[in-house]
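The same chain A turns up in both complexes below, where it pairs with chain B and then with chain C.
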Partner chain A sequence: MIDLKHLSIAYGETSVVKDVSLHVPEGGSFALVGESGSGKSTILKAIAGQITNWTGRIRLGDHDLQQGRDPALIRLCQMVFQDPFGSLHPRKTVDTILSEPLSIHGLGDQNRRVLETLDAVGLARKFRFRLPHQLSGGQRQRVAIARALMLDPPVMLLDEPTSALDVSVQAEVLNLLKTLREQRGLTYFLVTHDLPVVSFLCDNLGILRQGELVELATVEQLKQQRFSSEYGNELLSKSY
Partner chain B sequence: MSLLNIENLRVSFPTEQGPVEVVKGISFELGRERLGIVGESGSGKSMTGRAILRLIDKPGIVTADKMEFDGLDLTTLPNKQMRALRGARISMVMQDPKFSLNPVIRIGDQIAEVLSFHSKLNARQRRARVLESLEAVRITDPERVYKLYPHEVSGGMGQRIMIAMMVILEPDLMIADEPTSALDVSVQAQVLDIMDDLVTRTGMGLIIISHDLNMVARYCDRILVMFNGEIVETCAASELANAKHPYTQGLLASMPTLDEHRNRLPVLDRDQLGSV
Partner chain C sequence: MMQLSHTWLLDENPETRFQAGAGQTYRMVRALLRNPLAVVGLVIIIGLLIVAAFAPVLAPYSPIESNLGARLLAPSADHWMGTDELGRDILSRIIHGARITLMIVLMVAVISAPIGLLVGTVAGYFGGWVDRVLMGLTDVFLSMPKLILALAFVAALGPGIENAVIAIAITAWPVYARIARAETLTFRNAEFISAIQMQGASHTRVIFRHIMPLCLSSTIVRVTLDMAGIILTAAGLGFLGLGAQPPLPEWGAMISSGRAFILDQWWVATMPGFAIVIVSLGFCLFGDGLRDVLDPRNRTR
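And now, the complex of A and B:
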């Protein structure tokens, strides 16, 4: 479903991502882990179309990504951001936030779609006309996930979706993500530095260091704490 | 003798619906040890830390039957003496170096400010001490870092600079409020190791306030678990896995592990906890 071939990204002189190739099958769940500055968010941004000066090939399903604005991409993948306090417009109600993508893409039947998606992410319908500041962190993240689901994209890009949340709220959101993936056959591409979250949510992972893919591993290897690269094991030892 | 002795500490804020108590009568003692205070957002853990330093301003109201630091009564100490205490004998490491360092003052000068306020060293001695303290937090080229501005250093280095600033006067008690939550996992361990090292070497008391149970269990001797402004559980860090209170057990269970085989994570039932 997601296919990266020799992806390289540079900001000016500085090369941030160096020749990364990886493949995520349809319905798979892949995690990219690494320290800050390793280029993991940059790869995510390139797939989401926020960065356009990349070289190599990015393929989503049957669609080859173009450099520059690509309207078809938006129906294919949507992103959930790290900070639910920063990613929702503070002066728009939940209803407006959720129906905006529908209006932009000219989809009808907005009332039914909004209510259905609210149910899907486990938000009570009474929250529909509230503003983000009236919601808790976990509820906001549910709105952000609902917004990403509105256009029914097959691919979800998740940028540290739970690291700003309390552990008990994190459990709720992780459960929700797992359920949604099972129900809708979504493909997840997750960026995180939290290895236990990877163990819960993903099938495969890639370890990134200074822009280079050091290792591609299965979640089984993570569970048994047996990576083949030295750096992978170093990351394991630092995580508790 | 204990370093810090707190009895029945209460913090409340007035609202339109009447006062809301965010810390509801907690008591604890601290020796020369590492104490972890854990809880979720809204549990009152940060307010406890700030109350010790008398950093809660009006309209917040702080009351306590007893709040003693090394024999000094913190509830009645005049502001002037309180200022002399802060930084020199009790210091606080804040969560995010991006917001806690002054963006327009060079790092070296910023650290030196502590010295010019609390000590009688001259400029040359101050500079030497600052370089020394930067080295103590494992910054390899202190001369260069001395001249940098906060935006020119990484998050991990920023946090180490904050710690350098806090330990330069060798306080008796350091309160660290979420010292690593703005940092990467790999840098987290490094920052905590440095703090741990300084605590063991100088024998100061340490309070780590955090929501991260595992981190606290690894770096502290004793743990207080807070929920809704109350201490619901006190235990030795090594005994955390055998916690008795349903809230602590719930928190522990809701964390995914490296070797995760559960299909769904258990979720805290807050309504039920309220009645416990």
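And now, the complex of A and C:
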């Protein structure tokens, strides 16, 4: 479903991502892990169309991505951002936030769709007309997930979706993401530095170091703590 | 059945968009009414509106007709604010002048605020050369003294209220553009803007639906605070004889004509001066109160 071939990204002279190739099958769940500054978020932004100066090939489904804002991208993938406090418009109610993508694409039956999606992400209907600042962090992240689901994209990009949340709320949101993937057959592309999240949510992972893909591993390897690369094991020893 | 009650408006879990909107408005009005100074400002503005609306009914005399037998009379039971050099009742002229003042203020606000908002948000959102061109233009207007620029425009366009309005509007918008741009820059890279772009929103949609509402409250506050300045500029133009033309009862022009008698007949210049001060103060106080209320984090209180 997601296919990166020789992806390289440079900001001016500095190359941030070097020749990364990887493949995520349909319905799969892939995590990109690495320390901060390793370029994992940059790859995510390139797939999301927020970075324009990449080279190589990004393929989503059977569509080759154009540089920049590709109109086909909108229906193919949506993103859940790291910070639920910054990713929701402060003056718009949950209802407006969720119906906006429907109005953009001229989809009708907004009332029913909004309520359905609220139910799907486990957010009580009474929150529908609240403003973001009247919601807790976990509820906001549910709204952000609901917004990403509104257009029914097959691929979800997750940018550290739980790192800004309390530990107790993290579990709820992770469970929700897991359930949604099973119910809807979504493909996840996750960026995180939190290895337990990876072992809970993903099938495969890639380890990134200074823009280079050091290792592609399965989640079994992670659970048995048996990576083949030295850096992977180093990362493991740091997290546990 | 739906009823317009206190509990219905303050329901934490509104059932419809209409109820949610009505509840929010109700909370805002309530917050505004809790601020005594804002209420004073609001009362003054409402007073101005009423006086302007019912000017012919409220004014005891004609504002234009002269009566040379009753020149320069001191304030008395017949003429509460005295009469001017042509025997016209000053109170009646001030009451009719409220219409002119209100019209100038509203016209300037309606013309300059949207222009400033649009220029500022577009510049802030696109950045790069769009920003440089638009802000360069803004700086050119901003660097010139307001009254002088307005004077130059009126001199070029010819004296009169309409031209005074245009001239003031041309000098007023750069401030709003600057504010809107500064505000836009603080969230143009925010994730909620990225999110809506990823959902396929056009630039126009992002600017009008997502960026402008966030800049709107600071612009509204600034406009209300500026209204005092607009009134003063209009009065200044009137005073210099470039605003409303005689015999229209514009407050600035009235002060100007009273200048000749300021030592012996103080009321001729003082009464319209009071009117200007009170109305300016009203807009200032109301604008201040509005700023406190329009901050969304205060809404739940």
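Assume the second predicted complex is superposed on the first by the 240 of 240 C-alpha atoms of A that agree within 3 Å, B and C clash if a C-alpha of one lies under 4 Å from a C-alpha of the other, contacts with A are read in each partner's own complex, and residues count from 1 in each chain.
Here is the rule we use: a residue touches a chain if its C-beta (ideal position, glycine included) is under 8 Å from a C-beta of that chain, and two chains touch if they have at least 3 such contacts.
Values in this document were obtained by computation on a predicted structure and should not be read as measured data.
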First, second, both or neither for A:Ala171, with chain B first and chain C second: first
Chain B versus chain C as contact partner of A:Arg147, first or second or both or neither: second
Touched partner set for A:Leu115, first chain B, second chain C, both or neither: neither
Which superposed partner A:Leu22 touches (first chain B, second chain C, both, neither): neither
First, second, both or neither for A:His193, with chain B first and chain C second: first
Which superposed partner A:Leu216 touches (first chain B, second chain C, both, neither): neither
Partner chain(s) touched by A:Leu107 [first = chain B, second = chain C, both, neither]: neither
Chain A residues touching chain B - in the complex, by the definition given at the top: 35-37, 137, 166-172, 174-175, 178, 193-197, 199-200, 222-225, 235-236, 238-240
Chain C partner contacts - residues on chain A that touch it in the complex: 48-50, 69, 71, 73-74, 78-79, 81-83, 86-91, 93, 95, 100-101, 104-105, 126-127, 129, 131, 133-134, 144, 147, 150-151
Chain A-touching residues of chain C, taken from the complex the two chains share: 12-14, 16-17, 19-20, 190-192, 194-201, 205, 209-210, 213-214, 296-297, 299-300
Complex contacts: residues of chain B adjacent to chain A: 40-41, 154-155, 184-189, 211, 213-215, 218, 250-251, 254-268
